[in-house]
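Take a look at the structures below.
Each of the next two complexes has chain A plus one more chain, namely chain B in the first and chain C in the second.
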Partner chain A sequence: MANAFVAAFEILSFGAIIVLIVLGLGIIASMMGIFNFAQGEFVLLGAYITYLAYAKGLPIWAGMVAAPFVVGALGFALEALIIRRFYAAPIVAMLGTYALGLIIRESVRGLIGGFYLTVPEPIGGSIDIGAMHISAWRFTIIIITLLVMGLCYLLLSRTSFGLRVRATLENPSLARASGISTPLIYGATFAFGAALAGLAGALIVPVFSLFADLGLRFLIQGFVAVMVGGVGSFIGPVAGAGLIGTLSAALPWVMAPVVADVLVFVLAIVFIKFRPQGLIAGKGV
Partner chain B sequence: MPKAMGAVKQAIPAEIGGVIDAAAGSSGTVVRAAAARKILPIVEGVVLIAALLAPLVLQDYLTVFATRVIILALFALSFDLVWGYAGIMSFGQALFFGSAGYGVALLARDLDITNIFLVLPAGTLIGLTFALLLGGFLLLGRHPSSVIFVSLGTLTGSYAADRLARGWYYLGGQNGIPSIAPMSLAGYEFTEGPAFYYLVLGILVVVYLLCRFLVRSQFGLALAGLRENEQRIAFFGYKAQHLKAIIFTIGGAVAGLAGSLYAFHEGFVWPNMVGVVVSTQVVLYVLFGGSGTLIGAVIGAIIVEGVSFWLSDNYRDIWPIILGLLLLLVIMFRPLGLISFVLGERERVGSFGAKPKEKRNAAP
Partner chain C sequence: MLDRTQLTRRRFLSNFAFASGAVATGVGSWVIPAPWANAAEAPIKVGIATDLTGPIAYAGNADANVAKMVIKEINAAGGLLGRPLELYIEDTASNESVAVGNVRKLIQRDKVDMVLGGITSSMRNAIKDPIVARGKTLYIYPQLYEGKECTPYLFCTGPTPAQQCDEFIPWLIKNGGKKFALPSANYVWPHTLNVYARKVIEQNGGEVVFEEYYPLDQVDFSATVNRIVSNKVDVVFNTVIPPGVGPFFKQLYEAGFLKNGGRLACVYYDENTLNINQAAEIEGLASCLDYFKVLTKENPFDAKIQAAYEKDFPGNFLFAAGSAATGTYRGLKLWEAAVKEAGKIDRESVAAALDHAKIAEGPGGPAEMVPGKRHCKMKMYTAVAKGGNYEIVARSNGLVDPKEC
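On to the complex of A and B.
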């Protein structure tokens, strides 16, 4: 019983991490039609900023708060300078963001070297429920993920900004004709997606430690999750992330980890092949 | 304040537009000159002569390096066929390269087969089979696959193969398969050096000519059409998906050939060879050199590898960053790659039937 509970908690917390990472990716892919290959590197940057704060002797939570803002600002700048040119051609966008990701990844690699750097958990220790111990930090991640998810949903579905974003997604020319500044909306959406990635990176760095290929590891998983969930809606990628995250955390309990890892990807690709629209088809929130 | 913002915003595109116009203007003159002089055979000839003379002037260790570059150029050729001609974004080309490498390494290790007439066809066949399976699955089917799906599928395939190779004890796990016996031909063993270099160069030339024949055929023209506008090609009655699967398979075979040569040249195979890192490298070569021209892929491989070798002593750490920056600049301002500085758009596609009359652009 206790073991099953611990397993369920592990699966849940990994699922939450994947959801957190995919959230930004999904928002950019769904709302802008761009598959941002630099998203993994935004996660990496968030992690790096947290590490930097820790290394400079600042409290870790300060780094975690700063990470989404810094990465979001960078995302806004990159969108205005580079990404903006690629909207007409999604494939070129893919390559361009890929090059961007390469630059960020290699810069971070140059800064930290080939090391695995650890950052301690800001909330250490464990929560004891009877005989069971669960990591307090992973529990915090689950709570924050739920909060962020709820806030994103409210932002997109209930605020006037969300309305503008959805209008731009649905029909850009009509949105422009209605007086919505679509370039500004695109910029803000991209920055928001980048900020979410930065937050994800900041939160997961105590769990996974910091290394240059941290982002790459999650990028493929994130993309597969977005495709499985379905591009175009808010809830689709989240559902896909939940499924992929749960599967990749659950399968290693019943088979060799390597086989499980590969099996998840194979299943996902086969699923997308036969249901290209994903779990949840359709646009909107 | 908002007004000032607006002014700035308008000023930026105008400036960029000017730059683009200037670039287009200069390439326009290149196009005209190219059409008149036929630049492509000259470029190919220069590269071939340089490659033939290289071992005579290079020191021994540089010849070994040059051999590796030629093999990678062969690999780049395979990606160029797939991306440059058919517009299939294969982010997992290393899957075929590496699996063929592993295949021939196993042949040499477990069955003692190193005969060149056995291992090279075997490697090619392995690449071909994997590409046929993966390409058939990703590209064929009732619904045409989106570009994103194909690129993601190939990337995932490569990533999964990397993971499997790392975890599979039979394949040597993290360390790969070390000390593969050299390729042999009737008692002669091909070790690193000029003989291996010329062997590889010969293979590259043969494959290059075959590819050139292929892309300049009716089939190649249909592929180029596919890249430019898939729907229109489909309306002409071509089976677009089949064409894509065929070229993907051919690309896989070429990658397999390159991979088996690479395995024997380096003497070992390791999981990176099937993984995302090498898949990325080949994308870099081709985008850099110029996709859609076979020679562009070769030149891209030579330049990227050459410069990184040259810089590796002093600037090893920042070289990947520079490479990324240059790649970004090329994608933004020179989507056709470095080769487009000397080669016109006309020669990318080739000419068919009667020669078009050059009267519109002819300078007085």
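On to the complex of A and C.
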């Protein structure tokens, strides 16, 4: 019983981490129609900013709060300077964002000297329930993920900004005719997606430590999650991420980890073959 | 339109010329020329092929730094056989195909007299043939590794499984317990090391509860941690590597493994890897290597080389055993001794002398090659992490045999 509870918690917490990472990726893919291969590096930047705050002796909370704003601002600038030129050619956009990611990743590698660096969690240690120990920080991540997920949903479905974003996605020319500044909306959406990645990086760096390939590690899983969930809606990629995250954390409990690693992707490919539109088809929130 | 295509072609050609020029002269090649030019004979050429870029660049740069330090020291003392030494450094870039090309440059273009380098086993396997067989050159491999490398003219100066297990595992059984878990990354070094470790564990009355392999990029170990805790494992003999090792140790800590008296053990852990986790998460972690920085407090020679290294190369690239820096030092000094004894620089004579070369002082103590085995006897130390630093808790009596070949 206790064992089953710990297992459920660990699987849920890894699922939450994947959801957190995929949120930004999913929003950019669904609301703008481009696959951002630099998303993993935005996660890395969020982690790096948190580490910088820690290394400079600031409270880690400060770094975690600053990370989404700094990465979001960078995302806004990159969209205006580079990404904007790729909207007409989604394939070129993939290559372009990949190159961007490569530049960011290797710059960070240079800055941290290729090392693996620890960042302590603001809420450390474990919560003890009888003989069971669950990580306090992973528990915090689950709570924050739920909050962020809820807020994103409300932002996109209930606010006028959300309405404009969806209008811009559905019919850009009609949106422009109605007085919506579509370039500004694209910029803001991209910045928002980047900010979410920055937040994810800031929150996961105490769990995984800081290293240059941190973002790359989750990129493939993130894309599989978006494919499985379905592009076009907010809720699709989130559902896909929950599924892929829990699956990749749950399978090692019942089989050899080396097999589990491959099996997740095999299952995803089979799923996409029979349901190419993904778990949740259609546009909207 | 015509104009534009011609311009493009011209630009393409000039770019192409630049690129091929770069390829020909070699980006990522460094030559440190001999300090005196009017030598009676040409300088002796030492080649270093190591990972200056890529994921383990911190280790490769440290090795290159050690080589610069040793060569400078030998030159300052008058060189070898009256000839100065010239250092050629090539990047292996953690990429075997790039490495083979760059090593060929050392052999064919620079015609070096000896190559030292390679950190991972896959790198050694990729570059040994271009060096030893086709290149007909002497090769020294400086890193701790899984053993079983018995190629002629290839000399290993880092610790082997026997050196890292024979004294360490009995210590772990006495200071941890009898029930071992062997969580491992899925590649050659953990597989081969575990075969040896399991043998030593069982010979000493211990028991392996489970031995399990994970993908190299796995970062979530909840299932493993649960097996360790629920099976009441005493010692986790870890060969999971970064990036997985940090989250793994953290999850073990959070599950109360250390609180309940569990012992972490990891034979590649040195000063570089201490920063992957917070000090409390790896409190009591035991490692067994040929050198720890804390030895500088008791051993004047270690204090001297550590100080010389830190003076020349302050910064992040540490002089540490796990990154092959000590093996590089030992390898170059043994080779120096061999060249002095042989009195010549051709491969046969140097290899014959290197086969039984000895140095009285090196990192961690003296070292000597085991004749006919091409592996090196050295002192081994067991150290335990306490509050973010190591403390030596056990040491070998004399030199430990590598038991290879």
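Some points to look at:
Definition applied: the second predicted complex is superposed on the first by the 285 of 285 C-alpha atoms of A that agree within 3 Å, B and C clash if a C-alpha of one lies under 4 Å from a C-alpha of the other, contacts with A are read in each partner's own complex, and residues count from 1 in each chain.
Criterion: a contact is a pair of C-beta atoms (placed from the backbone, for glycine too) under 8 Å apart; a residue touches a chain by one contact, two chains touch by 3 or more.
For clarity, every value in this text was computed on a predicted model and none was experimentally measured.
When the shared chain is aligned, chain B comes close enough to touch A:107, but chain C does not. After overlaying the two complexes on the shared chain, residue contacts for A:88 are found with neither chain B nor chain C. Residue contacts after overlaying the shared chain place A:177 against neither chain B nor chain C. In the superposed model, A:256 lies in contact with both chain B and chain C.
Contacts of A:269 after superposition: chain B is touched, whereas chain C is not reached. In the superposition on chain A, contact of A:208 is made with chain C only, not with chain B.
By the touch criterion defined above, A:4 reaches neither chain B nor chain C. Touched by chain B in one complex and by chain C in the other are residues 256-258, 261 of chain A.
The touching residues of chain B, when paired with chain A in their complex, are 9, 87, 89, 137-138, 141, 143, 145-149, 151-153, 155-157, 159-160, 163-164, 166-168, 276, 280, 283, 287, 317-318, 320-321, 323-325, 327-328, 331-332, 335.
For chain C in complex with chain A, the residues that touch the partner chain are 54-58, 186, 212-215, 217-220, 222-224, 226, 230, 242-243, 246-247, 250-251, 254-256, 272-273, 275-278, 316-317. Interface residues of chain A, counted against chain B in their complex, comprise 35, 82, 85, 90-92, 94-96, 98-100, 102-103, 106-107, 109-110, 183, 216, 220, 223-224, 227, 256-259, 261-262, 265-266, 268-269, 272-273, 276. Those residues of chain A lying in contact with chain C across their complex are 3, 6-7, 10-11, 14, 113-118, 120, 125-126, 128, 133-135, 207-209, 211-214, 217, 248-249, 252-253, 256-258, 261.
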